[in-house]
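Following are the structures in question.
Heads up, the next two complexes both have chain A, just with different partners, chain B and then chain C.
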Partner chain A sequence: MIRLAAKNLSRHRLRNTLAVLGIAVAAALLLDMVMLAGGMERSFERMLLSRGYQIRLAPKGTLPFDTEATFPGAAALSARLRADPRISAAGAVLGGALFTASGDSLLPLAGLGVEPQGQGLYELDRGADLAPGDTAGIVIGGTVAAATGWRPGDTVRIVSGTDPQVARASSGRRLVVRGVVHWLYAARGQRTVGIALPVMRGLGRVAGDRASMIMVKVIRDEDVEAVATEIRRLAPGAEVNSVTTLVARFRTRLTYFRQLSLILGTISLFVGILLVTTLLTITVNERLGEIATLRAIGVSRGGIVRRVLAEGALLTLAGNAIGLLLGLATARYLDGILTSFPGLPAAISFFVPERGAVIRAAAALLVAGSIAGAWPAWRAARAPIAATLREEAT
Partner chain B sequence: MVSLLLVLAIQGSPPPFVAIEQRLARALELSVGDTVRVRQEPGAPGLLMVVEAIYEPRSDPATVLRNEFHARFHLSDLAALLGAPDRIDRAGVSLQPGVDPDSAARRLDRLAVGFRVRPSAEIASESSRTFLVVSRFHRAIGVISIVASAVFLLCIMLLKVEERRLDAAVMRMIGVRRRTVFAALLFEACLVALLGAALGIGLASVSTAVINAYYGHRFDTDLRFALLTPGITLFGAVLSLLLGLLAGGIAAARLVRTRPLVLWRRG
Partner chain C sequence: MSGAQLLLEAHDLVKEFRLGARSVRALRGVSVSVRQGEYVGITGPSGSGKSTLLHVLGGLEAPDSGTVSLEGVGLGRLTDSALTRLRLLRMGFIFQRFHLLPVLTALENVELPMAEAGIGRAKRRERARELLEYVGLSERADHRATQLSGGEMQRVAIARALANRPALLLADEPTGELDLSTGRQILELFRLMNEDGMTIVVVTHDEHLAAEASRTIHLIDGRIDPVPSAQSPVPAR
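Let's look at the complex of A and B:
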């Protein structure tokens, strides 16, 4: 059956090659859109859970680091949370602008004050980590190391606010580079450094026990919602977000991309169906005489239907195979464009090539392509034998 | 009026004013003259303020998806509210006519550290980076869609012309010249392509209107999310015509090169 379908298709090479190419482009676009539809969320969720912290506290009404706002009682709250037997780690984070001297100017740095006993922002690449209570150390990202040439063991000077009146730094500290780390949520090229929370407060002249965020790691996933509810009661001034709620809010912000993927995915599926239906309808019209002859020598209607459907499936299958490669290549290119959004964490991808997405896209097109052959197959099977043969003979 | 007097009694001085955007006024059912308590964070004492104006902000594509509410304060009131007197995020400088913004920015930048002076054009270019990325993405998707439609159109036109092989055979057998048959088939392909383009432009107009109505309602904005410009319309029509000509030409050339009897037999 498949060999016969392949032979039939090879009778019109140009048109079938074009059809396969058309289906391939439609399949590629469909695959890209399926990847885009779910990829962003999965990528975001994976990034949030990369260190296993399932809960984030931010100032009320904000998302973590969405604004420069801070909330009070942070370190006291994180210490209290660390004492909870259901929680394995919790740590407050304070963000702010820092600088270091670079030649005769200041190099801006993104500063993060952390509690080393509960930080989920970085992973150590080389050197040593900040120890709890280490107020003389600093950890730096690879981009800072590249820009400054700092290495573990170096003593560096970090300043924060600068005073325009006297044209010099208003507060500064000498710190020892403990290690080079990989920042999990940093944007591409962002120069980020980490210091102990009290040091950051001192440099930024932040009064009181304030922080930008608290990260909480719950031992058992099933306890996350219960712990989040309890934290909401403990800290009414903070926005308590589990990964699920953060993903939901992220999804709302990226509604546009999901709707775009739905629209373009539907269009590509429709184009694929239209192409197969048109091609098979014309092919069947051309071969009505041949089909009538087959029917006359005893081939059943079911046999004819199966042959036409097999041709549709074969066309779709060939288009799918090329479309898969084309789709993966274009997804990579499109991902390169979208991940250049300013300020987007480098760990986020928009097009995530997952086996499930590939199978879903291929199956959708294969089923659609096979169904697309149904109308021409029905026409072929219903063709009147005698009248068609007589028409062919004249 | 009653609330205003109450406020005066509590604060001992006239309350500061705030201007709020229309959406916020609707959400909180506020009107001009109402008194509101504005806090930096929940639980903080905050300041009582009188709604002095309700304004309709200019639609901004950069913030429309964030769906945030906005309010405008006098600088000193906001600084007092935030506990950050005499501090600002940014300031604007208007130059005398004829002064070059770049050289002025460089001179001001050298005056002191602690702030950075940049020409407005540079800031505009940086803040539009997000839209440049979206624009590049749209262009890439557009190219893929054009390739898909081009292949689709080529295939359909090829089939459409090939369907006419019996007619072509008859025309050739009764003495019609190859060139005439070729021109007739090409003309037909052109007509089909133009008709398809007209239908496509109609469909695009409808979908543009639907998209703008849907997103305008969803984000409560008069921004336009899809634009069908004369340039795009012309590009679509010309591309469709060119592809129709190309496909029709290829298929017609193949037909007229084939001998009439072969065409007839294949029919």
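Let's look at the complex of A and C:
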């Protein structure tokens, strides 16, 4: 049956190749939309959990680093949390703008004051990490190293801004580069440095024990919600979010993406169906005489339906195979464009190729392709034998 | 032949077609009986209802009124799938335009009805080769239908019609698309099949083919010409 279907399709190679390419484009778009619908959410969750920190505290009413707001009592709270036996690590983070001299101008840097004993923001690439209480060290991202040429062991000068009165850099600190790190939440191309929290407060002239965020790592996942509830009680001035809640809030923000992908995915599915239906209708119309002959010599209606459906399934399968590769390539290309949006963490992906998504898209198109063949197959099976043969003879 | 068993019986067949606002009566009360081993020619001018009669006898379309039975089984009482099965196993069809599947080889075309009947691959392949040898085409077995000449295609179509050892062979203008000499080869083949015991009903304009028939039914304007077969313009074999 499949062999015969393949042979029949080979009769009009150019036409069927073009149709397969059309189906492939529809399949690629469908795959991309399925990946887009859930990909960003999964990618966001993976990013948040990349160092295993499941809870974030931010100023009341905000999400971490959504604003420049800070909240009080941060280091004291993180120290208290570290003492909790259910918690393996906790650390406060303070963000702020920093600069370093680069020739006659100042190079802007994104500064993060961290508590090395509980940081979930970076992973060490080379050199050494900041040690707890290290107020003379600094860790730099790869982009900073590339822009400045700094290497572990170099002494560098960091300032927090310019003095408008004298138009010169304000007083800063000399720090020793301890290591080069990979920032997990930094935007593409962002120049980020990490220093001890007290140093950051000093440079940023932040009074009191304030921070932008606290990250908490709970030993057992099943304790996360209970710990989060307790932290809410301990820090009523802070917004306490577990990764689950953050993902849920992120999902709400992504409703637009999901709707868009649903609509475009449905359109591509319909395009696929229409292509298969059109092609099979043309094929059936061209071969009505042949089909009538098959019916005359004893091929059942079911046999005719199966033959036409097999051709539809083959077209869809071929389109799916090419569409899969095309979809993955397009997703990669589009992801490159979308993730280069300013301010978006580089670790975020819009299109996440997951086996489940690929299988769902392929299955949807295969089912659609089979359904698409149903109408022409039914027409072929119902064609009046004698009348068709008469028409063929004239 | 009069002692042979009755194979096909049609009684008072009426068939009407609508051509736009006008209706055309293709068959006006035709009754036909064919005994086993007979070779019946159906002749008549264009539009006399020959092909319609063949289609109705073969269960390809239902008459508006009247009955057809093959081996005592009334075709009108069968479901579509039962009628299809009957055509598959008990009838063989040969058409003017051969209607082979162009993507298949001669051998595969002959195998097709046997595959549909559920015969295993090895067995049907063996029978298909035998049949191609019978019609003189064994050396062309692996050629695609499109690589064959008109006469060769018709011989493959004949082999296909014989595939499931039918009780009755129905042919509609089998030499209509062929030149004279090729048509004569097909005619020889029909004679050979009939000598081998095959019952044949053939619609034809070809007077040579009709002359080979043991009996001729002459249709005029949807009715059987009342002139007895023996006295018909085409002599009986």
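Definition applied: the second predicted complex is superposed on the first by the 386 of 394 C-alpha atoms of A that agree within 3 Å, B and C clash if a C-alpha of one lies under 4 Å from a C-alpha of the other, contacts with A are read in each partner's own complex, and residues count from 1 in each chain.
Convention: a contact is a pair of C-beta atoms (placed from the backbone, for glycine too) under 8 Å apart; a residue touches a chain by one contact, two chains touch by 3 or more.
Every value quoted in this text rests on a predicted model; they were computed, and no experiment measured them.
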{"item": "Clash or fit, chain B versus chain C on superposed chain A", "value": "fit"}
{"item": "Of chain B and chain C, the chain that contacts the larger number of chain A residues", "value": "B"}
{"item": "Contacts of A:333 with chain B and chain C, given as first, second, both or neither", "value": "first"}
{"item": "First, second, both or neither for A:15, with chain B first and chain C second", "value": "first"}
{"item": "First (chain B), second (chain C), both or neither touched by A:282", "value": "first"}
{"item": "Which of chain B and chain C A:297 touches, first, second, both or neither", "value": "second"}
{"item": "Minimum distance between Cα atoms of chain B and chain C in the superposition (Å)", "value": "9"}
{"item": "Contacting residues of chain A [partner chain C, same complex]", "value": "4, 7-8, 10-11, 289-290, 293-303, 384-387, 389-390, 392-393"}
{"item": "Complex contact set, residues of chain B against chain A", "value": "40-43, 65-66, 112-115, 126, 129-130, 133, 136-137, 140-141, 144-145, 147-149, 151-152, 154-156, 158-159, 162-163, 254, 267"}
{"item": "Residue ranges of chain C touching chain A (in the complex, touch as defined)", "value": "51-52, 55, 58, 60-61, 80-81, 84-85, 87-89, 91-93, 95-97, 99, 101-104, 112-113, 116-117, 160-161, 164, 172-173"}
{"item": "Interface residues, chain A side, partner chain B - complex", "value": "14-15, 18-19, 21-22, 25-26, 28-29, 32, 59-60, 69, 71-72, 106, 161-165, 167-169, 236-237, 253, 255-256, 260, 264, 267-268, 271, 274-275, 278-279, 282, 285-286, 330, 333-334, 337-338, 340-342"}
